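Per-chain numbering from 1; labels A, B, C and D assigned in written order.
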Amino acid sequence: MEPLLEINRLSVDFHTRRGPLQALSEVSLTIRQGETVCLVGESGSGKTVASKSVMRLIDYENGRIAGGRIRLGGLDLASLSQNELRSLRGKKMAMVFQEPMAAFDPVYTIGYQIVETIRRHDSKSKEDAWEHAVSLLDRVGIPEPRIRMKQYPGELSGGMLQRAMIALALSCGPELLIADEPTTALDVTIQAQILQLLQELKEEFGMSILLITHDLGIAAEIADRVVVLYAGRVAEQAPTAELFARPHHPYTRGLLDSIATLDTEKGEKLHSIAGSIPSLTALPNGCLFHPRCPLATDKCRSEAPPLVARGEREWACWHTEELLKTTKGNKRSGGLDAASTAVPPDGALTATSPSSSQELLQVEGVRKYYPVKGSLPGRKRAYIRAVDDVSFSIRQGETFGLVGESGSGKSTLGRVLLQLEKATAGRIRFDGRELTDMGGTSLRSARKDIQMIFQDPYGSLDPRWNVGDIVGEPLRVHERLNASEKKERVARLLESVGLDASYASRYPHEFSGGQRQRIGIARAIALNPKFVLADEAVSALDVSVQAQVVNLLQELQEKLGLTYLFIAHGLQIVRHLSDRIGVMYLGKLVEIAPSHELFLRPAHPYTKALIASVPSADLGAKRERITLQGEIPSPARPPSGCRFHTRCPLATARCREEEPALRAVDPEHVVACHYPL
Amino acid sequence: MVRTIIGRVLSSLLVIAGSSVLVFVIMYLLPGDPVDSLIDPASATPEQIATLRHQLGVDQPLYAQLADYFGKLLRGDFGKSLLNSEPVLPKIIEHFPATLALAAASALLSVIVGVLLGVLSAIHRNRPIDVIARIVGLLGISMPTFWSGILLLLVFSIHLGWLPAMGSDGWKTLVLPAATLGLIGGGFIVRMVRNSMLEVVNEHFIVTLRSKGLSERAIMYRHALRNALIPSVTMIGMLVGEMLAGAVVIETVFSRQGIGRIVADAIMAKDLPVVQGVIVFSAIVYVLVNLLVDISYSYIDPRVRRAA
Amino acid sequence: MRESATAKALLQKRKWELPALRSSGRRFDLSRLFAAGAVAVIAFIVLCAIVPQWIAPYPPTEMMTDSIMQAPSAAHPFGTDYFGRDVFSLVVYGSRDSLFIGLMSVVVGGLVGGTLGALSGYIGGRLDSVAMRLVDTLMTIPGILLALAIAAAMGPSLTNIVLAVAAAAIPGYARVMRGQTMSINGRPYITAARSIGVTRFGIFWRHVLPNSLSPLLVMSTLGIGSSILAGSGLSFLGLGLLKEIPDWGTLLSQGRGYLTVAWWICTFPGLAITLLVLAVNIVGDWLRDYLDPKKKEA
Amino acid sequence: MFLAIALVLSACAGGNGGNKSSGASGGNGAAGEAQSSSAAPSAEQAAAETPVQGGELTYALATSPDTLDPARSGLAVASRVYRSIFDNLVVKDANNEIKPWLATEWSVSDDGLTYTFKLRQDVKFQDGTPFNAEAVKFTFDRILDPNTKASNSASALKPYASSEVIDDYTIKLVLSTPSRAFLVNLTQTTLGIVSPTAVEKYGDQFGKNPVGTGPFKFVGWQENADITLERNPDYNWGPETASNQGAAYLDKLVFKIVPEEATRIGSVQSKQVLAAETVPPQNIAALKADSNFQVLQVETGGLPYTLFINQNKEPWNELKARQALQYGVDIGSIVKTLYLGTYEQAWSALTPSMFGYDASLENSVQPDADKANQLLDELGWTVGSDGIREKDGKKLTLHYVDGSPNREKRNDIAVMIQQQLKKIGIQVDVEITKDVATKVFQNDDYDIYGNSQVNVDPNALSQFYHTAAPGVLGNIAHVSDSQLDQWLEQAAVEKDDTKRAELYKNVQQFIKDNAVILPIYVFPYTVAASNKVKGLAFDSVGYPQFGGVYIQK
């Protein structure tokens, strides 16, 4: 079948002050009519550049095509003038971006921007264009399309905007749809909806899709073929099934192993790829992957492996044979464990089973209301009920996971627990002491035992402080240490999180995301706290790095007997780390259960839906999808009765009126639902 | 929306009251007193001076004067000039139009020139036009107003004789002052527009627009420009302040009528009621304009509108 | 635009991924050329201020009454004024007070305004609303009027002019500093510090303040220019300095009456002012771009 | 015309001598004889040609009048405007003789305490109401009434006590003490006769709606822009000193207010106005050279610009110290440098045009650094390392106070003196202040302060040189000498002019010998006008007389 898009040995340079920078080198891939190809890679792999090169958008970012050809339906895009390209963009090929909020011009209505596109390419009357736009919005599942047409981007939710973005992309019936991380910024449930939508539309419009993602799960979900990029080069490409079954490149293999799937065992170490992706400014010689590759040999260090093609597959590695040998039938052998971070053997870890001993943290009826701004005094104040009557407890030494979509209030709850915000109501008891009525000094000293790891490894470190001071700050505050003692302690802390002690004198911006997160962790454990709150601690990191950090967290828990509250939206990770998991929806805790239990027998329809929406890299088990309809309502006006009833497939009249209380379906498992599954 | 406006108005009133108190105190602290300019201390007897001071009420303690002043102010009475017992409010109202004309003209000028150059220099970044625009912008804010004013005057009215050197009657007399004042405003705007254009051009949605196949022209003028201009609306408020301030100097240079000149003279003559009046008045104007700007802003910018 | 924290992180990553994406282009960037020139100018003027005697050919006060109002010549590169003083020497020496006015009023205004803004931004609550009302109040009074009133009140001495100009500048600094403090105060690393148990003051002093200063720095740089202009404005309105060695503003406003008969008397001081202000503005712009994280990659 | 520039100052109203509008017809004041320094015709020539009827004269003033109410005005610029709106009872001619104006004849009682005037009967105010004795009484009593807030008019009217209307056209004015100056002072603009009905009508807004009997009637006043007067067609009672006793030739007279020098001169050069006052010296040459323009200068009578040395202060209470200043300051070069030969150097406490001026003083003092040094050495002031003289560890400093803004380049004089005195080891601290009143008259905080006064009668000297009665300001030098006092007191009442002149000569001599002051310059009121403007003359105080002005086609 005639390929629609054909990229041949494409190399792309960017001009910077420091001279040209090669972002892509010799990348080749083809997409056939009606095919979905996934471009997979971590940040820095150049996947976004690749997509932009196809559109020749790189020209506007001082990039240029240094070599190779891009053919779209017989046209050589690389040689076309911007003018000719313009008539293709949006017409023959269209693009959907990662950040829907940022992708629309905020000062024009959605309608305007879609109509604008249609009329740019098709000679339609304003009215026809408008009608067409409306039908598109309707098609991509946007309720009340005519109203939305007249709304501004800021007035729509992320999910809606992404749908609108897709409508926009489809407006001129392109043959090729390029989707750059189209779901990364969205919640799992929405993500699932969007992916499903994309697939439907592909059939319907008979287009081909080039989907850029860092999430192998998504790839597995919808791709016909997968291309793995590493540092601007193709590491491997293959039909999805084959790729997942028998990766031919150690990097691919590493990525696959890094994923915490829904059935990796708690406590079991995640496999991880050492180090992190090299910066384009400092590429290693030979095979770009060799510094992180367990199989690397001198040959790899000196010579870059060529891309060898065999049948449907291509890969660039000197050692594929050995790799394949280590791959027996079962996916995870210890084959590459040499590469995984220095961790004590599994045996030691299993010791950390939930010691159902005394409870370290008890939460009773905690509420956090924010007054809605601008409500007139006198009149009954409106509140955003971010956290509404939540009670649970965390036991000594366990890891309690807290999951939920954005807006569920999980992070707020976290901040309230740490007394970073005062609870509107309710009590929090930590280690027997009432945190809620502590203040000033006593609270400050109490903080010694309660530490936090933050989501954003970029924002949570003071850019003007060097690592030594950052990690040393808790010591400065709580312990009288002289300079040398402090230096010593910091050095040990850094080592304990797998960083070089010499980093102490460097500044945050000199580090990669993973390293920064390690610094954050070092700070958190500086005072040997009893309890650590990890708020989305890994969600901003790349898969391989994620695994490293997760392992580190487990290792530390083991070593220091820590108790974790692990807040995340990525279910796999939570599942992997937690002994017990609480599920939040709209400020309510709707279900608590031991993690395996929760995933095997979710009692709440919401939980079930959440689990179902997780794209799985495990091709074997394609779960039946009950993707949730609609989106999470505003916590300012929560639905009556069971807050989930608006999206619940099983909702009844009762759910609408009566609010379900948490009740045990079995001793360890409580749920707030009238009709537990 | 209404709620916020009410709030703004209330706080504005507070602000205005505040500024008048402030000025009152400053003026009260001015050494010497208005009598000196009414009567020749060298020839007048202390008695004469004393009586005069009493008649003017400047012998009262501060709080008494303050109370008296605000009592009147609330009744809309801005008091009378100490120099020639002329009621202040009519005086201001008589002169304001001239200043308004000047401010408006120069604001208009600076907006037109500023936006034009700003956009051009942003689009043609680092090309000759950019250099020119930036230099013009910088010159605008780097030259002492009175100097550039006099220079313009020399060239255009004395040497070329194209335009009148002074006066405030007819559009011709407006050209030179407006140009001088517009130079400053223009300077600010060029720089501002240029910067925000450059920022907008880096926004993600620009990429989207390109991916839709729009022409660069459409992207720049239909989308980028509009986004870049919205913030500059707030500049208008600031601009008004600039213009009022500039008027003080410009009106003297071109001997135009206007409140700027009145207040300058009044300060020198310690004619407290007049100074007070003008400042309170211009405060009102300033606050009003900014209020309008904010309100209109929330209509122009959908983002703000939603927030409000 | 609101962005989820994840989104932010991802955007960050994109920048990370490709520093080139925001670079300003293959054409040589002029602002650096500008900045270089500007720095040179400032350096020279500062030199004049420090060691005028090395540069000025004549003592600034020497009156060669037999050669008044001489056009520029080899002997008098900028000509002589109506006293027969050498204009070039005057300009060289005049740089002192002009710079002083520019710098000091920025320092004073920046300190007062900055502190006010920082505190009200960080402490917030009642203090904030009071302080901001105060600032709004000051804002409604055109700066020059305020300066005028103050200068008139206290008489035209160097310090008073500095104070007058500084006072007029305070609201600006307060506003900026407040905004900056608030945004910094919202950063995760502040929350981090709190979660560690750092005291309120500790956080302010060690984290908020250091990170809030750069915009103030930029504004101050630009402020130097406007202060110098404001100063000359005062001279024009008859509230300028009258010292044995006049500053540029005074030279300019006193010489303006001679523009038609001896243009050089006020033109050169005028150019000096313009040049200096131009220079600090350029440096200021450059500094802003340089310190602005958004443009950092450029 | 110090006033003239007084205006420049009054813009900033530091309230110093400059504000005195006590202008009255000066000594042998050359009425109307403007020293026209260009080919422009002087008043006399103008009279010869046949004047053109109609037209409009635009005249740029350097500052704005404060009010057009003679009783209240403090500024000469105001006089310059309302001179054409109001008439006085009497007028003074070129020979210092008092001539009839609104009064036809008068008599003085022997004790010199009552003056009886017969008034013209054909005079009408511009508002149609008749001029009569009541109006005169009203005008003068109004000045006495504190509610009028009268300023300089009050001093001019002294020692007027009351008046009595004999009949409609006869009035008797009663003084509290005899005064040689009273009759002369009645010629002052501030004592112009106002329309009672108009005053009733406008109250304290009379200043914005002046009504008198003059050749021009008030039309409108746009503050800071212009004041418009128009021809008073009924006028036919001009004094004999005027080139045109009848109604004015001009239809309209518009005063433009243009404070900025460059702009004012520019507006003449660009023909935007026909005439402009107070032309700065540096522009005069160019204008003279330009055949399209004429430059008119008229010397003003009174006290020249004079630096008073404060005898309350060490060491200036010592004669030698003051003489050192006398020799140390090269006034000649100052005047030459700053005024480029357009101002005359002053030699005495009086201006040349004044009655009793002592011409023998001219060139009597020449700068002599050696003498100055010697004098200071004698006083034990020795030159220190920094070139400044010291005595018992105290530096020899001179605190020089001057008003701002830089009216008539007076600040520049300070700057030059600073340099000159440095050469003889005196450190001059120049202080320019807006607030001369406090500094000088209240706090007495100065070693040298300069002042000038336009006046008509040498009697003005007593205010400055007579031992001051407690509480009375004005004797800036704080000179106090019984002999001096005696001379001044005699002169004030002396009936015989030659004797009177002698007394004043003694006074001037004394002042010079005791180095009480440094006289600097005599100020000429300078007007630049287009050549089309004819017949512009000045009265004895140098106020322009517009009645005879016409514009050549």
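To be clear about the criterion, a residue touches a chain if its C-beta (ideal position, glycine included) is under 8 Å from a C-beta of that chain, and two chains touch if they have at least 3 such contacts.
Per UniProt, the chains are A = ABC transporter ATP-binding protein; B, C = ABC transporter permease.
Predicted, not measured: the structure shown is a model, and the values here were computed from it.
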Distance-maximising chain from chain D - centres being C-alpha averages: A
Selected pair, greater C-beta contact count between B-C and A-B: B-C
Approximate Å spacing (C-alpha centroids) for the pair chain A, chain B: 51
Centroid distance [mean C-alpha coordinates] between chain C and chain B, Å: 21
Distance from chain D to chain B - Cα centre to Cα centre, in angstrom: 39
CA centroid of chain C to CA centroid of chain D, Å: 46
Residue numbers of chain B (touch at least two other chains): 31, 150, 154, 158, 252, 268, 303
Multi-chain contact residues (two or more partners), chain C: 1, 25, 152, 155, 238, 256, 259-260
Sequence positions of chain A contacting 2 or more other chains: 99, 102, 106, 154
Which pairs of chains touch, using the document's own definition: A-B, A-C, B-C, B-D, C-D
Parts of chain D lying in touch with chain C, wherever the complex brings them together: 12, 261-262, 265, 280, 282-283, 285-286, 333, 336-338, 404-406, 411-412, 415-416, 418-419, 430, 432-435
List of chain B residues in touch with chain C within their complex: 11, 14-16, 18-19, 22-23, 26-27, 29-31, 125-127, 130-131, 134, 138-139, 141-147, 150-151, 154, 158, 191, 199, 202, 241, 244-246, 248-249, 252, 263-264, 267-268, 275, 279, 282-283, 286-287, 303
Complex contacts: residues of chain C adjacent to chain D: 61-63, 65, 68-69, 82-84, 152, 155-156, 238-239, 242, 244, 254, 256-262
Residues of chain B touching chain A in the complex: 3-4, 203-205, 207-216, 223, 226-227, 230, 301-303, 306, 308
In the complex, chain B residues that touch chain D: 31-32, 35-46, 48, 51-52, 55, 83-86, 91, 94-95, 150, 153-154, 157-158, 161, 164-169, 251-258, 261-262, 265, 268-270
